[in-house]
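Next up is a structure, given as structure tokens.
The chains carry the letters A, B, C and D, assigned in the order they are written, with residues numbered from 1 in each.
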Amino acid sequence: MSGEIIRTGRAVLHVTDFEKAKDFYVESLGFIETESTETEMYLRGLEEHNHHSLLLKKKKEAAIEAISYKVYTDSDLDALHEQCLVEGLEPIWIEKGAQQAIGRTLRVQDVSGLPVEYYAEMDGVERLLQRYDLYKGARVQRIDHFNCMVRDVEKAYAFYTEKLGFACSEYTATEEERVWAAWLHRKPSVHDVAFMNGKGPRLHHVGFWLSDPLALIHACDVLAAKGYSPSIERGPGRHGLSNAFFLYVRDPDGHRIELYNGDYLTSDPDFKPIRWGINDPMRGTFWGHEAPDSWFNEASIVLDVKTQKPVEVNTPVLKQGKPQFVI
Amino acid sequence: MSGEIIRTGRAVLHVTDFEKAKDFYVESLGFIETESTETEMYLRGLEEHNHHSLLLKKKKEAAIEAISYKVYTDSDLDALHEQCLVEGLEPIWIEKGAQQAIGRTLRVQDVSGLPVEYYAEMDGVERLLQRYDLYKGARVQRIDHFNCMVRDVEKAYAFYTEKLGFACSEYTATEEERVWAAWLHRKPSVHDVAFMNGKGPRLHHVGFWLSDPLALIHACDVLAAKGYSPSIERGPGRHGLSNAFFLYVRDPDGHRIELYNGDYLTSDPDFKPIRWGINDPMRGTFWGHEAPDSWFNEASIVLDVKTQKPVEVNTPVLKQGKPQFVI
Amino acid sequence: MSGEIIRTGRAVLHVTDFEKAKDFYVESLGFIETESTETEMYLRGLEEHNHHSLLLKKKKEAAIEAISYKVYTDSDLDALHEQCLVEGLEPIWIEKGAQQAIGRTLRVQDVSGLPVEYYAEMDGVERLLQRYDLYKGARVQRIDHFNCMVRDVEKAYAFYTEKLGFACSEYTATEEERVWAAWLHRKPSVHDVAFMNGKGPRLHHVGFWLSDPLALIHACDVLAAKGYSPSIERGPGRHGLSNAFFLYVRDPDGHRIELYNGDYLTSDPDFKPIRWGINDPMRGTFWGHEAPDSWFNEASIVLDVKTQKPVEVNTPVLKQGKPQFVI
Amino acid sequence: MSGEIIRTGRAVLHVTDFEKAKDFYVESLGFIETESTETEMYLRGLEEHNHHSLLLKKKKEAAIEAISYKVYTDSDLDALHEQCLVEGLEPIWIEKGAQQAIGRTLRVQDVSGLPVEYYAEMDGVERLLQRYDLYKGARVQRIDHFNCMVRDVEKAYAFYTEKLGFACSEYTATEEERVWAAWLHRKPSVHDVAFMNGKGPRLHHVGFWLSDPLALIHACDVLAAKGYSPSIERGPGRHGLSNAFFLYVRDPDGHRIELYNGDYLTSDPDFKPIRWGINDPMRGTFWGHEAPDSWFNEASIVLDVKTQKPVEVNTPVLKQGKPQFVI
């Protein structure tokens, strides 16, 4: 296989109000603001040595412009470009210099219609991991993963594992043993991307890694103190699937962010993917709490990489849109 | 004032299955089992130097036999006995020797109909605070408080503050400035007892103190691992009122236990009670989460101190049985 | 007994550089700065509802002006004044208005020569406990205790327990069963004041309470990030005596501050003081670490309440100035 | 490059007393005991899905038999065998079946004289990550790294990075810019192996990953409660180098174990190795604490893979055996 992906790299989000966004992401969640212009805000976590992992663009409509993966070398981009063409996808190049702080990128509507971007190069910045005096809010350490709602999880699963070299750590199966959701990784964590059955293509959330569970509790306290309690959608809780300690919050435009801590190493080829029945009450939250309807129904619209128009959303292949269980 | 109460002392609970109770309280929550017979189980927290703070009795019906306060001296019991008579209450004595490990106790149906017990003396036992090798589950440290549903909170409030020397740390007011709930203390914490408007008299929960927030998270994980996820009723979360980090669990008989950590010192006479509007969404859970209906509707039946029969429950004085808010 | 003391109230410290002091106490340890002038800085913890618990005065020489206890009522001050006279001590009054934000105070060189102050009244301020967005550094919650080096611990012990109503929670005994150190409390925690055998009278440290162990770890990280690693003198560790999780830091003038968390409730008259042999290696640090010599030898000079001159220091009654043990 | 190493795999330690070893590793540190015979004890961490990561063999003398790396496939073993021969090393095969629960292994005295073992296959076992009811002590999650004292760090560095595909995350340089120590990784963490200048070849410690900082504090408390305070050699503290929160303990035979939490992701080829000057006081412990002499001087003897006799130890190339700094 060519076109080696390293890891989840950055998300490019359209938001409508920079003042609100800054208060939420920087002041409350504790992202580092690398730099900002009137229309672009570049954010990163405390351990990140690259320029940004979250790029906010000020636009009239909230949407997802791109979810990006970092690859090893520039030639991996060429290999991925070739692969896209072979697979009948229609990639485009954005040349170096057209975007701030990042080398040339390859963008393509992937097999599920998601706006995926690949890049090999991003400017280095000072890593602030040991600037503990700058820690605040959730003390976000680094980007971890994307979670996407797609019409056909099995199709996405096949493409990412067979063509892009992802491995599966855990998955959710329906009673008919159809794959309802799958957690796939390149870096040896539970996931770089998860696909979940639902109206799609949409981005469900971007996950960021925290250093410890108490940082997540403190994040709740800070969010509430700053008036964001209505933005706390789900958690804190322990996921059965992934074992992560989690919190889901909604940014002022409704984009969902997961604060995430506590999964495990998935480096081994003999690690057997863990199966969860869709109606296992401990799957979503190990402690048995049900997720709210909004968590299953709401997600961010994604854009067409060529037209920058919203991509049409379609009903999923599997009918069950949400686990059902009685505690 | 005579009849000096020190603090919340012990709860006497009737449970129906000792095997289940032991698995829940000892194996899962981490209570220390001081001793047990076929019909009585004596439990305590890790820092407790007295014989027990939770007495379980095996009975056919789950109920609350007594909620007990420790007083300074035996003569305080006499003073309380006298006071009961003056107030028209009908106290009874249980002489020393009639109950295991405790001196003579005074029992009385209090002004709300709750089965209250006072005692001055309890056997000492080895304190296990530094036996960290015995820590498990929630690592319960000590008993902290009772929370009671009563018909008339203002009546209970008046009696406990004016006759029994309790001070108010925080309270909940209706829009008409009636006291809907009140947190009252003798020891300088947020409460030894709280009264909440509702069908009563019933015991809503017994609160136990944990050493740190992560012990509470670990308690959730252990409970879930042992199959008790359906027993996790509410939380973990941060209370607005009291600032405590909390978890509510239901024992196998439905008695509610609060694991509790993080309130503050209330020693000062110039501390002004904190008022919360009943419909403030941050009152119950600072992070904005709504409590489930069961938390407002369900509570444990209490017994008559003389007949050991259930005390009749009546509708509350204030109509609003539950806060209402839209997040 | 009259002259009821509630708790440790405030410390009045002389420091030589306000810029350094502010960076240390406010920016690094996270004290709230209630107000400041050119010569006085008033600091408090996050849960404190009184104006300050730490008053820094800018002076040419670092010293301790007063260690203060809060009493219930103004008439308790009169009773304490009378008691001082009876005991042959020479108290002075500082009238209300002479000091900022505090009522009249009674100051006296106590039985050990320590500059003790009593007060009943201090201005109220907004409690910031739930302003989690303001939390930083050690997230100091409240003042907890004083630790004093005195010539004659048994004399101080007798006076504080017999005349001032303190109770002993734990103590250190020499091989000859002399009291080498004692932890005494009014509020039901391990201590409001401890006396330790050594050259005295001197103030060894002021202890502040933290909400949880990770706040203490974070304090170390923040202190180090801001260049204060040489100020971290001892810890983090677990005290055997008191069971507290602790850190000792030295402020820019050498005054010692303890960050402290995790002791236990000492409300009960039947709680038996815990004895530790002076050479028990788990007494100081439960994990067996030895304290550095500076911790045993260095302490802050105290002032005469009348002359504001340094009080002469004398050698202790017991020869052993420091525990000796071989791990 | 062929012979792809995944990660640190297991350590094979000789210990002299199984009763003591079990009490230390299983009862106190919380390792899971997969299985044991009279002469072999197989231990693993809570998240590990392979049979063991720590193999203790009962022998007359304490020593290190092997430090093992897991490779992707059996053919990687052949490639490594070929490479060893090319480099003039003398590898030996241990065929499948000769060792319990593991496939064939390749053993070789590496370029520093360390007894290295490679394997591709190990039996799978039930992963106990979500059996929170089994968590105790340090709650060890998984093996993380080896730290080795070698005569010539630069030689080891060159071999591991040029021949074995390791990347450097951080390193320590002398004033003459010689590499005094280096942290090298295959999995994207700070290290799978570190080499430190000193009398060698010896194994300095085996590092195990913990889920959170409080598990490490609890480990100290449990070790002390069980009488192991003399076994706590260094920490808890924050490493400057690696940013990890650490504790070093010595097992009953003196083998050093590091409990480790909180490093960062090192997946990126553009991550620039971080340089630390050897005398930087924040290098070892970010908080400025000096390590005890034993930490620099004592390490475990390693065995010859062919003769099973101790490998001779020689003085290091660089004279400075220990950082020197004045706080």
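Just so it is clear, a residue touches a chain if its C-beta (ideal position, glycine included) is under 8 Å from a C-beta of that chain, and two chains touch if they have at least 3 such contacts.
All values derive from a computational prediction rather than experimental measurement.
Visitor: What chains, if any, are shared contacts of chain B and chain C?
Guide: Touches both chain B and chain C: A, D.
Visitor: Specify the chain most distant from chain C by Cα centroid.
Guide: A
Visitor: At the interface of chain A with chain B, does the proportion of residue numbers present on both copies reach over half, so same, or stay under half, so different?
Guide: Counting which numbers both chains contribute, over half are shared, so the two copies meet through the same residues.
Visitor: Any idea how many Å lie between the Cα centroids of chain A and chain B?
Guide: 44
Visitor: Please tell me the distance, in whole Å, between the geometric centres of chain A and chain D computed from their C-alpha atoms.
Guide: The answer is 33 Å.
Visitor: Measuring from the mean C-alpha position of chain B to the mean C-alpha position of chain D, what distance in angstrom results?
Guide: Using C-alpha averages as centres, the distance is 49 Å.
Visitor: Could you say which residues in chain C touch two or more other chains, in rising order?
Guide: Residues 130, 212-214, 221, 224, 286 of chain C touch two or more partner chains.
Visitor: So in the complex, which bits of chain D are touching chain C?
Guide: Per the stated touch rule, the residues are 213-214, 217, 220-221, 223-224, 229-230, 232, 236-238, 245, 281-282, 286-289, 327.
Visitor: Inside the complex, what are the residues of chain B that reach chain C?
Guide: Interface residues on chain B, with respect to chain C: 6-7, 47, 49-50, 70, 72-73, 121-122, 124, 129-130, 141-142, 187-188, 211-214, 240, 243, 262, 264-265, 267-272, 286.
Visitor: Report the residues of chain C in contact with chain A in the complex, numbered from low to high.
Guide: 27-28, 130-136, 212, 214, 218, 221-222, 224-226
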